[in-house]
Amino acid sequence: MILVWLIVILMAGGLLAWLAQKWHRASPRWIALGSVLATLGITVYLWLAMPAATLGASPWLLQYELPWIPQWGVSFSLALDGLSLLMLLLTFFLGLVAILISWREIKNKVGFFHFNLLWVLAGITGVFLTMDLFLFYFFWEVMLIPMYFLIGIWGHENRNYAAYKFFIFTQASGLLMLLAILGLYFIHGSQTGTYTFNYFALLNTSLAPEAARLLMFGFLAAFLVKLPVVPFHSWLPDAHSEAPTAGSVILAGLLLKTGAYGLLRFVLPLFPTATVEFAPWAMLLGVIGIIYGAILAFSQTDLKRLVAYTSVSHMGFVILGVFAFNEWALQGVVMQMITHGLSTGALFILAGFLYERLHTRDIRLMGGFWSRAPKMGVVALIFVMASLGLPGLGNFIAEFLTLVGSWQANNWLTVFATIGLVMATAYSLRIMQKVFYEPSLVEQPALPDLTSREMLIAAPMIVGLLWLGLYPQPVLDLAQPSVQEQLQAYSGSKVEPKVAAVEAPLSIAEIDSVYFEAAVKDLKK
Amino acid sequence: MADLLWLIPALPFAGALLLVLFGNRISRGLVTAIGAGSVGISAAITLLLGIEYLSSQPAYYHQEVWNWFNVAGFNPSIAFHLDALSMVFIFVITFVGFLIHVYSTEYMAEDADYSRFFACMNLFVGSMLVLVMADNLLLLYLGWEGVGLCSYLLIGFWYKEPANGYAARKAFIITRVGDTAMAIGLFMLFQAFGTLHIQTISTEAVQLWDTGAQMAVIIAFLLLGGAVGKSGQLPLQTWLPDAMAGPTPVSALIHAATMVTAGVYLIARMHVIFELAPVAMMAVAAIGAVTLLIAGFAALTQYDLKRVLAYSTISQIGYMFLALGVGAWSAGVFHFMIHAFFKALLFLCAGAIILALHHEQDMRKMGGLRTSMPVVFWTFLIGAASLAAFPLVSAGFYSKDQILWLQLAGENGSVWLYAAGLLGAFVTSIYTFRMVFITFYGKAKTHVGHQPTMAIKVPLIILAVLSLVGGFIELPHNFGHVVLFSDFLSPILPTISVVPGFDQYEWMLQLLAAVVSLSGIYIAYLFYISKPELLASIHRSSTAMAVHRFWHSGWGFDKLYDILLVRPYVFLANVNKRDVIDGFYTGLARVTEGFHMMLSETQSGVLRNYVAGVVVGAIMILTISIFL
Amino acid sequence: MNAVSMEAGLLLAGILFLLGMISVMIRRNIIFMLISVEIMLNAAGLAFIVAGSRWVQPDGQIMFIFILTMAAAEVSVGLALILQIYHQLKTLNSDTANFMKG
Amino acid sequence: MELTFYIAAAVAVLATLMVITRYNMIHALLYLVVSFLAIAIVFFTLGAPFMAALEVIVYAGAIVVLIIFVIMMLNLTYEDVQKEKEWLKPSVWVGPAILSLVLLAELVYMITAAETAPAAAVVAVDARLVGLALFGPYVLAVQLSGILLMAGIVGAYHLGRQKKKVVHRFLQERSAAA
Amino acid sequence: MSVNDFIHLMPLLILTVGALVSMLVISAWRNHKIIYVITAVSFVAAFASLFEQHVAAPYTIEPLFVMDGFSAFYIGLMLVTALLISMLSYAYFEQREERKEEYYILLILSTLGACVMVISKHFASFFLGLEILSVALYSLIAYLRTRERSDEAGIKYLILAAFSSAFLLFGMALVYAATGTMTFTGIATAIAAFDRLPLLLITGFGMMIIGIGFKLSVVPFHMWTPDVYEGAPAPVTAFIATVSKGGVLGLLIRFFMEVDGFRYPTLVLIFTIIAIASMFAGNLLALMQQNVKRILAYSSISHLGYLLVAFLAGNQMGVEAITFYLVAYFITTVGAFGVIAMLSDKDRDAERMEDFKGLLWRRPWTAAIFTAMLLSLAGIPLTAGFVGKFYIIATGVNTQLWLPVAILVLNSVIGLYYYIKIIAVMFQQPEAAMEPRRQLRPSIYVASMGTLTVLALLLIGIGVYPTALINLITTLLNTFTTLTLR
């Protein structure tokens, strides 16, 4: 029941915030803040209250189910495991940040803004919690509309175009997922006679390889576009750069994660054979994304666009890791989801700070800000370093684990992905260079340093990144049972390190084939 | 005492943190106290620990601070491991680092960003300490990257000059290229051993692989890639000369105590792997040889005082690689230590000069400083002598001589390597004394402003002394046979076996080395003091000038990389700035719009056309119903 | 009463129907269009009667009566509308009435 | 009887052809009357005398007369005939004619190729039978056709009324105030 | 005519009486409000009389009508829709310089026609129902006869409707000629006897499809739709888009189920082509359109395409899906045109994009309702349209109509663009304080506003908790005898 409350509080808070605007101008902010704090409190309580359960046999901590459309076998089914709990923590934390960041930035239609903000969060919460595929699709769509409004109403100059693009891309891919969900539903129904959308029931569907492949592509469509993976990333730079800061933070920090979450939660367990077949291609896409995103990020002059392309690059690691099918990679992916949420969110916040002061996002018009705003410089430096994967900060753990994992699966692709790290350095340092180091060609107005409210936003993110970089174990522990659960179907595909190592020498193609044969053999058992 | 191990890196980190958080709000004195003090305490702890280590002779100290993370058996800790090798390194790092800190208090006194400077310096020292004390390769990698970050911050310390920023960026990116190779090496090591714990790897590697095993070779090459990047060796050396953009103490720190020696440390640390891969060893030696020559010749032509020193660093590290490559592990480490002393000394002297000459770095505008800055002159001369391996008195002579000797005497040595080393030594003494003569002799060309005070002089003198006497802890056997240093390292690093019966020729080689060194000095004297017309005649020859330009540009590597890598990348990035894939979707939208336009034409608003539309539909339906 | 084949009857209906149809397509005068539609409806009625007489049932004729009713209603509304249009546009050209398109 | 049918059919087709090619509307209508009369004869040959009568009365009588009334109300002149001529250029009718020919071919094929029962003799269904069916099973349909006519009448009444400016009382007040 | 017949035809009778009473009252005393009340009362009464029906088993009135759960549901649906439209009409016509009273008579009559269609099981009643609907609609479309566009729309609709009716009739005649019967069951038994369909019959069906397709405004018989939607008064447009199509669709389903048209690949092929073409044409035509009423017209074309996808499934689930979708579509369409009607003034309807600029900030509640309606049309969750679209896609997937379903999905995406374009315009900041359009007393909008609110609540209610409606549909359709066999 407590899970339902999470969603209800957000939705009710949103409505209340909207209505309260008439009453007092500032009240929506406080209402929104209150409701997100409440949900954050609940989640933190959940986290602290049940660490023991995470180590138990079942990864599920809490479950809740209520029939919804019984005729179709749809139920309002929520469940919480370590992975969802982590995602929820991230959601509410970034939600909080998003509200704080908008405190001054959003001046008109405050009530409606917070309504949308909270409903996006509610939709995301639903996506992370639901265990019914119909409901999943439902929430998947629910989170898009308020996001569309956030971009379309409070965005920058080109907001309408960006909002359309965002909406159409995500909807199109979502519909393909719907088709796949329905296909799965009917196949399962015709096999067992019970038509249900329940995740746990559908896990036991046995699929013909052809069907599994098609259905997997349906799911992949939605998740790969959301993630996004090159060549489906085209919506992201526009949406990110045109959204208001809070919108960018939520887009980068949370919406992209729903794609990664979907891969972990649905694609892997539902289609074990098909994913193994597809894995090399998926990893290839990941690597292409890493490199392509990095190259594009390097050439951008719009700060938010630049950061947006870094997201493309970073999300490449996610898909690379997911399709490596081992615990290192998956834990890396989970870490990547969280740390990318923090670091990229933080970079967008930074862009927001700059935009608020300078009314431009063009880095050619910036420069030499370190001397004028040293605090901002330090903060920016830390986030930039996080984004280029400096050890000691969370992203490093994520990327390293992912790469360690993916190395076991595919050597050459991992090599190229690692090269992406160099490119990450190039574009990340470009931010520092252009914004904070070399003097600007254009005179800029006074640039006040970070205020205490802004420090209040930035500080927890820095602490979080450092904590994740130096002692990520609590997070990893929390995610571990879930990761195991998702990997169950692949238990055989974990490479025995030493065996592979001995055979590993030059011909890497051989390793691959050995690896796949082993995987296939194990699956047959 | 071993419980305090963690304090050694933690103190500089704590200092950095304090300075970042409060640096702007506290007095300069306090900044100095925190900045230099933290490193000083580290140095003190190191000293105490070293004494204890020497007296009790344990195999190593180990301390786990906390478990970093644990994923499916991948379980690196934040744990420190201190053995003789690390001991040498932390000693150098903390002591030389401390001296440089002290020196900086004066050098940077006028700078507005005083606290930022010390924060970065502390971070630098801390990272380097983590690097050399790490008990697993992941933690080592943390320090490794941290060093890269600090180099970036410090090289770009005076960020307002765009060139400095670019130099900083270049340093970070190029070293990161090496790091990437190293990271891949780590993946392979992990795949092979299921851990990155250095001790475990070292013990298990021998069981797992035979000498020359392909895996070992690949890994060794990848680690070498990392080492080459950090240590400024061929082909990733181009960042180092540009790194002179930072304040001089930073250069001293980078070149003497930290950063560039990391590669040496890595190879020494992973010597087990390298020994399993003779090809990689050969590569190390070859890289060292080629690098030391290229850098030496490049140094000959530089005018910027610091650039000369920078190339000399590249060259000297080439010597260390040469030593490591033939398996003369302790010789390489010994040269590292001695090099740290004299290179720090030379940089600090150069800093004093630059400070005195109002940040003038061009040697052509210096001269006659011998009289105006006597302390600096003498200390610089000592450093130069050491660098040029001035026979008998300088420490550099002993360390370099050992390396050269082992090129021939060592099992894996070869005449070619020896010849390269010898030629390098010759060039070294030429450019070293070219520098000395141009800077300190002749007419004064720039007014001497700031005269160094105690904070500068004391470190200079200490380092000068060390540059002189440091060599006496390891003397050739025909010269007193002191083997304190190699003994100290022997539990960790295997001793090199010398070809039997070769000993009796050692004095000949020493003599040769001494002659080479002295003749180099003489040539420099000839060109720059006694017969400047010789130089002028060279300047008239167009071939010579072409060579000069070529060397001056660092053998054209910058240009080469620019054309091969940087420009294509930038070009690609800029061409694709608008994202071709986006163009595809835009095209799709356009096509759809085109369909809309076409269909819109049918909605002409004319009733007859609509009727015709219905009729067309009727024909369609009837055709289908009749013919299908 | 002898054999007029059903095919012949239907063919006649079909030809008349098509003549009406072509007329609707080529005429611009709205009244002509209306007349043409009447021809078509009449042809359809003819087809019903042919079919009815084939099966010897009254249903075909009954349908014809309904068609007749409908034609009458349609013509009356149509003519009223045509009057109105003529008042507005001062023309009977249906092509002129294309304010709405696209 | 068969011959009558064919002659009447020919007349009907020809007359209809004339209807659709006339420029003058009154001429066209006269041909239309001829066509309807011919069809009435066809009905007769098909054994539906009652329908023949209705055809003459309702189509040829009521509907055509209605149209003529409207034409008279509209005061069509010679220019309109000229305009009609202009409108009916070959370029206008060639396309539709081809479409119609295609359809015709299909219809002919469909009707002739239909493997129906051998053409049974057409038997007259006399008016009594029709009446019985009409007011027997189809009585509700008759009611419905009444409603249909009602809809037609109400609509025609509303649309056919001459314009009369009716201003809403609120707007009236407002304009009065202004 | 037995008493039972009367009871089962009660809704129709009540409507007829309502129309007659209105006519009598008008002749005595013209008053908008009174006629309005009479209309509303007769719709409500007709709806209420549905509850007196015993639809557990189909009740036939030979040879013309059959009353079963299916017809009861459709009649109920259309009555409610008509009632809602009449509620919305009051404010709209109150401000016109026109006689208003006949409108209601015609509205009742056309609703009657649509109801006749869904209960008919004979060509005669089908045809008469269709024509009652059509003839009433001619006048309704051109009702604002002083508007040029209204007249233009009226004549276009008239000529084309009569034209397509002629096709329908000819088709019926051919079917009759081939089978010798005009009742649906009779045709079904007759064709069951053939092992292969005679050409005459197939052609007959084909020509009937033209007539039906015209009323459903599917491609290629769709061309009238935008013009008529634009020209007709907004409430009438709502009526054309909903009741008129609903009636024809109900009939189509009954007819096709009865004769089991899905056995014949030719017919299935024709419908597949029509469905696909409708989806594409509708959405592509709407893409860059600037007139809101035309956008909705084009969108209705594509929606009919979607419906045909479920229709193609040809099973019970398909019919349920159609029915459900129809409910959602009715609510949405009436709501959307209701908003347009409410924003219209006496000069013209609010149909241009500018009319909606910044609506959210001027009239937030109206804009919110319109947004909800558009989102429902686009098939976004929390609205009935989503569940409906889901139902249709599910049906398609279930019967493995991959091509139509894929195209449906593709078109939903294209469709999004123009729906959100309108939304985006509403959310735009108005540049300057816009001249408020002249409006009558706000009090006359109470009924409109209330109706729209009810519609919005229904929309979201069904979107969030569709179970009740699904239950109702499944129970009622169970009595649709031919379906239960499958």
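Quick notes on this one:
We just call them A, B, C, D and E in the order they show up, numbering each chain from 1.
The definition used in the following text is that contacts are C-beta pairs under 8 Å (C-beta built on N, C-alpha and C of every residue); 3 or more make two chains touch, one makes a residue touch a chain.
For clarity, every value in this text was computed on a predicted model and none was experimentally measured.
Common neighbours of chain A and chain C under the contact definition above: B, E.
With centres computed from CA atoms alone, A is the chain lying nearest the middle of all the protein shown. Of all the chains, the one whose CA centre sits at the greatest distance from that of chain C is B.
Across the assembly, the mean Cα position most removed from that of chain D is the one of B. Interface comparison, B-E versus B-C: the higher count of C-beta contacts falls to B-E.
Taking each chain's centre as the mean of its C-alpha atoms, chain A lies 69 Å from chain D.
Taking each chain's centre as the mean of its C-alpha atoms, chain A lies 37 Å from chain B.
Between the Cα centres of chain A and chain E there is a gap of 43 Å. Note: centroid distance chain C to chain E, computed from Cα atoms, is 26 Å. Residue positions 600, 603, 605, 607, 611-612, 615-616, 618, 622, 626 of chain B each touch two or more of the other chains. Within chain E, residues 124, 128, 131, 135, 138-139, 142, 145-146, 154-156, 159, 163, 177, 199, 203, 226-227 each touch two or more of the remaining chains.
The multi-chain contact residues of chain A, meaning those touching 2 or more other chains, do not exist; every residue touches at most one other chain.
In this structure, the chains touch in the following pairs: A-B, A-E, B-C, B-D, B-E, C-D, C-E, D-E.
Those residues of chain B that touch chain E in the shared complex are 592-593, 595-597, 599-600, 602-603, 605, 607, 609-611, 613-614, 616-618, 620-622, 624-626, 628.
Chain contact summary for the complex, chain A toward chain B: residues 165, 230-231, 233-234, 237, 295-296, 298-300, 326-328, 331, 368, 370-371, 374, 378, 381, 385, 390-392, 396-397, 400-401, 403-404, 407-408, 414-415, 418-419, 421-422, 425-426, 429-430, 432-433, 436-439, 470-473, 476, 480, 495, 497-498, 500-502, 504-506.
On chain C, the positions that touch chain B within their shared complex are 21, 24-28, 33, 94-95, 97-102. Taken together, the chain D residues at the contact with chain E in this complex read 106-107, 110-111, 113-116, 137-141, 144-145, 147-148, 150-152, 154-159, 161, 163, 165-168, 170-171. Listed in rising order, the residues of chain C touching chain D in the complex are 1-12, 14-16, 18-23, 25-29, 31-32, 34-36, 38-39, 42, 46, 49-50, 52-54, 56-62, 64-66, 68-77, 79-84, 86-87, 92-93.
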